[in-house]
Every structure is written in structure tokens, then in C-alpha cells.
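Structure in C-alpha cells, see below.
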């Protein structure tokens, strides 16, 4: 029934390759089906100025898409002179989600910047960015622990993200581009390894949804999270 | 237990005054406690270019905050030379939410722009913008129906929004600024008059949340929606 | 003879309501006919850097217009990415005019920012901004005097502004939008309570003017100033 | 008594050299004392879009200052990414003033752009720009008349500008930089050859002024206009 | 003698992998040592407006660098709100170089946009972009030939680029980052397969150079071009 | 054979007038045929922050073109809100070239900013800017030496620039606008007084070039440099 031929609760194949760039403290290339995102984590000695003297650290994220990551070419945001509202919304979501898995006291007054750049897009780029971004973050923190820069591990749990939606009246998991553009309702669920909710973002795009449907989508998201966390563990 | 002294499920007093400006096709000043937002709806003859020839209409929104709507003065976005990511995220949410209550075929190739400008902020400005924006939209559509520009009413239901959160371990409804800044988890629920879900946006800010809590928050949101829809009806 | 039906030297009804927002140190909503402007004054501990060490204070102003303050909707300047030349010219005028009524030594190294946001426009928005802005400034200074932050009152006199023009060959006072768009010559006169001139800005828009006409316009402006200063006093 | 040693009503030496650039339809280098401005007039076939179908022409102006036209170097506005409020205010004034001397019906649906670029600044750059800009405009119109592009001369009179101010309690004419920075009140007077007023802009900078002083300043401005118009005539 | 341990005329290992993204008409990932660039070619039906009606086609290029492509993180240009002068200079060079290998009449009124995004940088990114960009362009043109969109092959020859410099007084080929930052003179040579010069850009960075040295650098560049063209052929 | 009627190796008449503005530490107006550029040098006490504590000085350049320096009017870059890629490329070249003639240790931690503003353009504006910019720089350094601010002369040699190209199959020197727009290959050569190469920038624009042609162009450039250096000496 799905354009992709997948079962309602079937995710796309996932691969996470680490150590992609020699410069970054942590990096990976995550592939969720045909969605490919390069994630790097950069450790900065200084926290943002609004945290000065608080002893708290910060994790932030930036998101970009190569011009031809999509079916037709998109204008380069640097040439346009600004990041779109969509880009800003996504990178704020990634940063917020990753911070939910961090003990900011244990991190101390440092900042980790996670860059997520989409090389090829086929739906679910923000979810792949969070799942892959967490791996890059984990690797950067591991490096700091090994170097003795950090005494305690500030990472409290996995963070992973998956999209769900209602397509043709049926709840489905992990929408690709085609499914996403035709779904009446869709959204993103960010969960921890312990299946606690970090962020829920459901939007009606043409059709509103009921509380029953909301429940079914949450069930799917929990199942998807298991698959994603397993892939994160396998990659490390 | 709440800083505001309100009960867990108690909303702030709501007032909606219509006909605030003589120029706009629809307008109101909505007050949800100390959060005051001026909403206007502008009817434009032309739909955005991406809809040309489709016969479909569009509803979009813009959001702003006067510099001294907040406790300390914020820099004017026009002086800064761009809208913040937060502003863009909010106005995209308002537009998306209002479109969920519109039959775009019945509207036809027109655009209605809803401007929401915060005069005084005390938490929940995006929710007040949606609830008040819907009233401005309703008034503008009424005017078009009366003038015969529209034959069929394109508005299919009320749309209203309320924030919920977990404060001191308890689910609470309609957070003011103080409550919002201390809540471990909070978010926004946009519902129709028929209590269908339009948008759900829950974020962990320091503490993740469980599915049980999610259920309680949805219960609160439904209760709040009844109050808001009643206020919308009273204003019209 | 005037489109508004007013006598040549008749001003529109004026109302000034103070205490409009709970956050600002001083605030008012000024209505000059159908022109409505919300004015707030914000006290900042630090003067601008070019005054560092001089002992002198500063008063500056910013001006904005809500998108639907006008007959047809104007593009939001924050979305356009910059303030128009008109906006900058107006806010520079407001700041300069208000500074003329201040003893900057008595103010000391502080800054007061006056924000003037037009809610509804019907001609004369910059004049209403100055007249109302002065009230907001007066209230903020009163608060500082009461709190002992200031020992001496830095305000030396009222400052008020009114437009004058030549319409159909006749000098008229306080032009509304219709009169303004058809006047051959018009401009703004900013005076103190003692009727000293602070700023004179007369422009020929299609027809030049004579020294005799200039004299008549100055007479009208003096009469208008009396009305405005009385309204300021009544509001305080 | 004046820092420049000039009499109260004495202007600086004026020279206007035409034909400065080979490309522009009209051009001149105007020197008013040590203030040197290069003015060019460009004829464009199309009027701005807001005039489409009206049969009316337009004259507009742009103003700039070379970075080292001033005592210390100013940041290049193109590098800063925007024109300052001061620049925009000045170029709006120049355009408005020049339009006052033009019959826009006789010009027809064309646009003439007058560029005024300050090579060396010593006070009064906006006035020199107007006086010199008018010469460039006159030359461009002459060329169009000669080529038969225009049948009737659209220029109705000379337009010239001079600054006046109150320095040490005395009204003075044509302020240089030193005098300008110390004057309590100063402004610009734009007049036609027939001594009609086009624009009056007087500002109190630290000291308000009386109607008597306003009268004296107008007298000075009329005297200065005679000198400027004579220089324009001599240059053509 | 070289920090890299390479011989004076020894290039780094080169690999070019094609078909990297499913969306682009042509694409490759080129690796020149540790410099990795993703190149895509996008075919657009319309040529730029300045070519309308000329029958001529256009090839243009855009260049970007992921924030953590470098040793320390660079600010994202989309966040900064503009492309740096360096970025613009590089993308102009890439476009100009690729156009030199194209018969624009045979291409017809179309545009091909080549995007070069640096994934990892270790010196010579602009050269790798040109060499890899040519492969992406070749693939896109092959696709158009196969589809019958083009009748004649518009590509007249290979285009490849290599850097040369003078390091420790010796001419060296294909500088990596370390060598580049210490070379007294360096630059880029773009040649065709037939060893004709397309572009020569030599700059003294601290030490000027002689005509004899220029001759030696040209010899090195010719040798390097042979290696690069062979790699291009192998990849296709 | 050349449109200009000049011999293949004949330069346009050159004049360099110094002391053009009273404010700058060094200034000149250079005319190379109909290309006229105003060059000023500004001495700043502080070097750029990246040089702090190194003891090294810096020379940088900015380039601009008046809107009507060209045949048809160009949009003012300050109004466009950014400098074009071409402008940035040119000013980076000017700065790099002038630095090649400076001993940055002898200059010490200061910065000299050279502004080159094109008053009238007829090809070769970047070359005229370098040749004239060097004169302004020399004058500013002379002033510092005279004032004792510098003990040792940091200028090690003249720097001058000339364009060369291949027009109708023949190498020609110092292209004017017409020749430039029709040349198949052209570029710029920057040399010192001792005829050492500082920068070579040759580009094929439609036709590639051979090493033999490169040699002939270098011969022409050396001849042109002699003429330019003589003109620099004559001006000082």
C-alpha cells in the first residue's frame, strides 16, 4: 500500500559510518534509505556568552542541504544571503533534542557544535540528522573522556528521531519523500534510548487527526526508536 | 502551587475585542491574562504564485513583537535586519494552524494574511496569536461572504491553541511567563472546535516526559480548547 | 473646504492614555483623530559608547508601523530585511526632537529609548509619535526621580509636534491622510511648551511656497502646540 | 568671529566645472570652499513602475561619500552592507528638491537619476549636492532638447541650496564643518531662482530658536541663493 | 624536503568516484590526497537572461565548504548572511575555467550549474573542484547526448587544474595545506587536455618570483595536467 | 589594427596628480587614458586583530566605482546591500599586490588602507588602481617617515600593474574597454620596479592560449612596467 512497498511499521535500511572526516572531533555519515546526512561534532573551549560563569555547557546544531541534494536544484542559502525559516526551525530542533540527552553540568562550560549537512535527501532529513548527530556527539565526548578533558560522561542516554504519519488513512513509520508529500498528517518523534519522549511534533497538513491516531503514531515511534538505537550502538 | 496561584487546569481570563483597526478586513485584540496580541486579517486578491491556476486559496501569517512587549527591551527585528529563527518558527506555525481550519477550494485563488503583533507578552504569545488570529480571519471571511465575494463559507471549524506543560512534576494548563521558564517540559496544542488535533508540539526543556504525561497534557488541552472556543464565539 | 470638514485651524480630537503596558518605565497610547500610536520609554543603564566618560545622557527613538496600520497592507520591515529610508528619517527626527527638551547633563550617562509603533495611521504619525513619545519619556523620568535614580529633573520643557500645510491655497493645521496626499506643501513643526522652535521641516510637494505662507504656517503651528501641550498636561 | 574668518553673511568661494565625465548625459564638479562633490545625471528611458501609464516623469537622486572624504576614514557603505539613515535622508532630500524645479508632464515617462558623490567634505555636502545636481540635470535636459527627445523644456526654474545656522548667538550663512559642529541651531534652505521656498529644514542641536531668528535665517538664505544661482548660470 | 615527503613533481593520489547522488544529472566525489570535494552538475532548461535570444549556453559554478571541512570550524556562510570574497573568487574561477572547455553554440540556450562542495580540505580545493567539476559536467552532457537533447557534443576538451608554488626556493607541484601556508609564491594553473592554457594565477605571498621560476612552474603544471586528465578518463 | 589606433606595445597616456584631497595622508588621481581613479591612503594606528602582538603591519585596499563611471549606469553597491564578487576580487588583488612591495616588519603594527575609487572607467581599472594606489601609499609612508613615526622606510620597491591580452591573434599592451571586451585572452601583470613578478592573472575568455603567447605577454608587461614606474617617479 505504501509507495515504497514497505510494511506500515517497516523502516528503511539504516547505515552509520563513523570517522568520515579527519578534522572533526566526531563524525559520521548516516544513511536512512536514500537520505544521506554528514554529521560532524566540533568541541569549542568556550560556552556561549549567556552561560558565562554558570558552569553549564551547551550543545547546538546547524543544518544545511547541498544545492543538489534534492530532485531539482535548490538555491544555495549562502548565495540567498540568509537561512530559510525551515532551516532555522530544523537546526533549533536538532540542538534542543541533543541537549535533552546531555548533563550540562557534567559537560562544563564548553560548547559542542553539531553540523548536519544533507548530501542526498529523500524525506526525514531532520530525523536522520538527530540520529546521526547523536553519534557524532557521542564520538566527540568519547574523545574528550579519553583525553581526560572530561571526568564524567555527560551523555545520559541515546537520542534518536523518526518520522510518522497518516497515509491513506493508515499510520506509517519513517516516511520517504513521496509518502511525506502525500500524507495528510505527519510529524517527528524524538525519544531517548529508555523510550522517554524528548520532542513530539505532529502537524495536520490537510487533514486533522484524532487522539486514537496519536496513540498509534506513538506506538510506531517507539518501535522505530528501537531500530535506530540499535544502529547507533552498532556504529560505535 | 503554581506561581500564578491558579489551579492546575485553570486558564487565565480571556478577552477578545473585535474591530480594533479601521483599515483591516478583520481585526481583534486578544488578551490572555497579561499577554496581549493585536491580530489583523488582510484579504489579497492574488494567491501566492505557486498556487497559480490551481483554484486553491492560501492563508499565511506573520508574527512580531513590539520591542518593549517584554520585561526588558528586545532589539527591533527590522533594525537587526532579519527575523529571528524563533519568529519564523512561530509565524509558520500560526499559518499552518489556521490553514487546517480552511477549505482552500471554497476560498478560491485568494490569500488572507493574518498579522499577529504582540503588544505585551507574558507567556503563550503564539497560542494567543492563533486563537485571536482565527477571530480576525473569521471576521474577514464574514465580510467577504456578506459582499458576495465568497459564495460558500470556507471556514470549516474553529481553531484554537493553548500551551500545556509539566511544572514541579504536575501537568498544568496555559503557562504564563514565569511558569514557562521553569517548566521541565512544555508545548502547544492546536485543536479544532470538534476537538480534532491540528498540531502538537511538545518539547523537553531539561526533563524528558512519559506517555502517561502526554496523555494528561492532551486532556488538559481539550479542556482549554473548550474555554477558548467559547471566548471566540462570544466575541463574534 | 477641508475634506475632513474641519476649520482651517482646527485640530483633530486628541486623547492620551498612559500606563498602557506593564513592562515599560513609561508608556502611552496617543490618538490624534484616527492616527493611533503606542509609545513606550525604556531606561537603559548605559549610554551609547560614543558618550562614555562624558557624563552626558542620551535619548533616542525607534519608529515602526504595524503592517495593517494603513489602508492597504505594507510589507513588514523585519521581513524585508531593513528599515526604509522613511522609517529611519522619522526615527531620527523623533530622537532629535525629544533631546531638545532634555538637559543631558542632568540625565547623566544613561540612555532612554522611546519606541513609537503606529497601530493605525491616518496622517501625522511622526507628529503624534513625538507628542506621545514625550509623555512616555516624562513618565519614565518621573519614575527615576521617585526612585531617587535622578536627583534633578532633566526635562526642561514640553516638546510637541504638529503638521501644517497648504491645501487648495489655504494654510491648514493638522493634516489627515487625505489632506496630506493632496497638499501642495506640507511639513512638521516641533515646538517647546514655551513656543520656542525645535525643528521646522517644510517641503514643497508639487508647489513651492512663499515667505508669507511660511509665516502663516508658523502661526498655525503655535496655536496647535497649545492644544497639544494641554493634552500632555491632562494625561499626566 | 567665525572660525573661518568670514563675515556673517559671506559665502565660501564657489566653482562649478562641467563635463567632468565622458559617459554621463550631464556632469559637473562643484566646489563650495573645501567641499567638493561630483554630480552626474543619467537619463533612463523608463520611469519607475509606480508611474507606468501616468505620462509623468521622475527625478531621483543618490548620494555617497568616498571613505576618505572626511577627516578620519569612514567605513564604505557597500562594505557595511547598507546605506546609513543619514545617507538615505540626504538622497531623499536631493531628489525631492530637484523635482520641485521640474515640470513632470513636460518630462514625460522617463527618469533622470542624479548621483552626488562627495570627494572631499567640509560641511554643507547636501547643499552642494543640490546646487551641483541641478547643473548636471540642466545639462542632461539640454542634451535631450538638442536631440529632440524632449520638445518642451521641463525645467521651470533654478534650484539651489544653502545652509544657515546660529553660531555664538549670531545667524551665519554657509557653515563649514567646524562651524556646523559648534552651531546650536542649523539647517538647510532650498530655494528656486525666483526665491520661492522649496524646502526648509531647521534643527535645534542643543539650543532651540525663536521666530525672529527664523526670519533672519530666511534673509540670509535668500542672499545666498542669489550667489549660488549666479554660479550655476556662469557654469552653463 | 617537502613536509609531505613527496618529490618536487609528485602529485598526491587521486581518486574520482562517479554517480554519488541519485538526483544530479552528473556527479562525482573527487579526492586529491586529503582534499575531498563533492561535485554535481545540474542541467537547467533556461540560460541566464543576459543570453536570451543569443543561442548561446552557459556553464556556471558555485563553491562551498562544510563548516568542519577544515582544521578548526569555519562559520557557515549562510549563517553569516553572505559568501566571502574568497568563495566568490573561487566560484567565478571554476565557472570561467569550465566554460573554456565548452562550445557554447553547441550547448544552445541552456545552463549547466556545477556545485562544488568541499567535504574535507587539505589545500588545493579550487583545483580539485575544477578537475572534479569537469567530470560532473561531462557526465551531465553525456546524459543529454544520450537523451537526444543535444545533437553535437559541446565539450571540446578536458579541463583540469593543479596548484604549483615555490617552497624553500624550489618549485613544487600540488601543494597540500601545510606547504601552501609556507610557500612564498603559489598559484593555480588550469589547462586543457591538449595542454593549452586556460587560466594562470600566480601570487607572491611574501616573496616575488622571477620569469625563470615562472617557466619551471609552467613545466610542473603541464606534467600534473597529464596525471589529472588520465584520472578523469579512468573515472568515466 | 587596434580599435584605439595604438601600436601593439603602446600604452595610453598616463598622468598622476598628487595631493588631491586635504584629509588623506596620501592621495592621487591617476589617469590612464580615459580610466580615472582617485586613490587615497589612510594610516590607522592599529593593525587588524589577527596581527596583534606579531609586530607586523598590514596594507589593505578597498575598491569602488561611481555609478556613472561606466557607459551605462551601474547600481550603487551600497544600495544593492553588498559588494559584488568582482569588486571583492579586485580589492583583494590590490591589497595583495601592494603588500608585496612592503616590509611588514619595518611598518610595524599599523594598518594602511588604500581606497581606489573609479571616477571614469575605460578598461584596466584594477591596474590603474594598483599603480595609483602605490603612489598614495608612498606619500603616506613619506609623511610617517618625516614625522618620525617610522624610522626605516618599509617600502622595498615600486609596484605597478598593466593589462595585456591577445586581440585578433596579436599580443597587445594596456587594453581599453573596447579591446578588453573583444580580446580572446587577457589578464593582468603586477611587477616591481626591479621587474620581479608579483602577480600574474591570465584568463582565456573564449580562446585558450599557448606558452609562446604567455612569453610574449610577459615581454609586453615588462615594457609597460617601465613606463608606469617612470610615471610614478615623475609624480613624486
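Order of writing sets the labels: A, B, C, D, E and F. Residues in every chain begin at 1.
In the analysis below, contacts are C-beta pairs under 8 Å (C-beta built on N, C-alpha and C of every residue); 3 or more make two chains touch, one makes a residue touch a chain.
Keep in mind the model is a prediction, meaning the values are calculated, not measured.
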item: Chains contacting each of subunit B and subunit C, listed by label; value: none
item: Self-contact between copies subunit E and subunit F, residue sets same or different by half; value: same
item: Over-half contact-pair match to B-C, picked out of the listed pairs E-F, A-E or C-D; value: A-E
item: Gap in Å, rounded to a whole number, between the CA centres of subunit E and subunit D; value: 51
item: Distance from subunit D to subunit A - Cα centre to Cα centre, in angstrom; value: 59
item: Chain centre separation (subunit A, subunit B; CA means) in Å; value: 27
item: Sites on subunit A at which at least two other chains make contact; value: 81-83
item: Arrangement of touching chains [line / ring / star / complete / other]; value: ring
item: Complete ring sequence of chains beginning with subunit D, oriented so that subunit F follows; value: D, F, E, A, B, C
item: Of all residues in subunit D, those that touch subunit F in their complex; value: 20-24, 27, 34, 38, 40, 42, 44, 62, 64, 66-71, 73, 76-83, 87, 113, 115, 117, 119-120
item: Contact set on subunit E toward subunit F in their complex; value: 82-83, 85-86, 88-89, 91-92, 96, 100, 187, 192, 196-205, 208-211, 214, 218
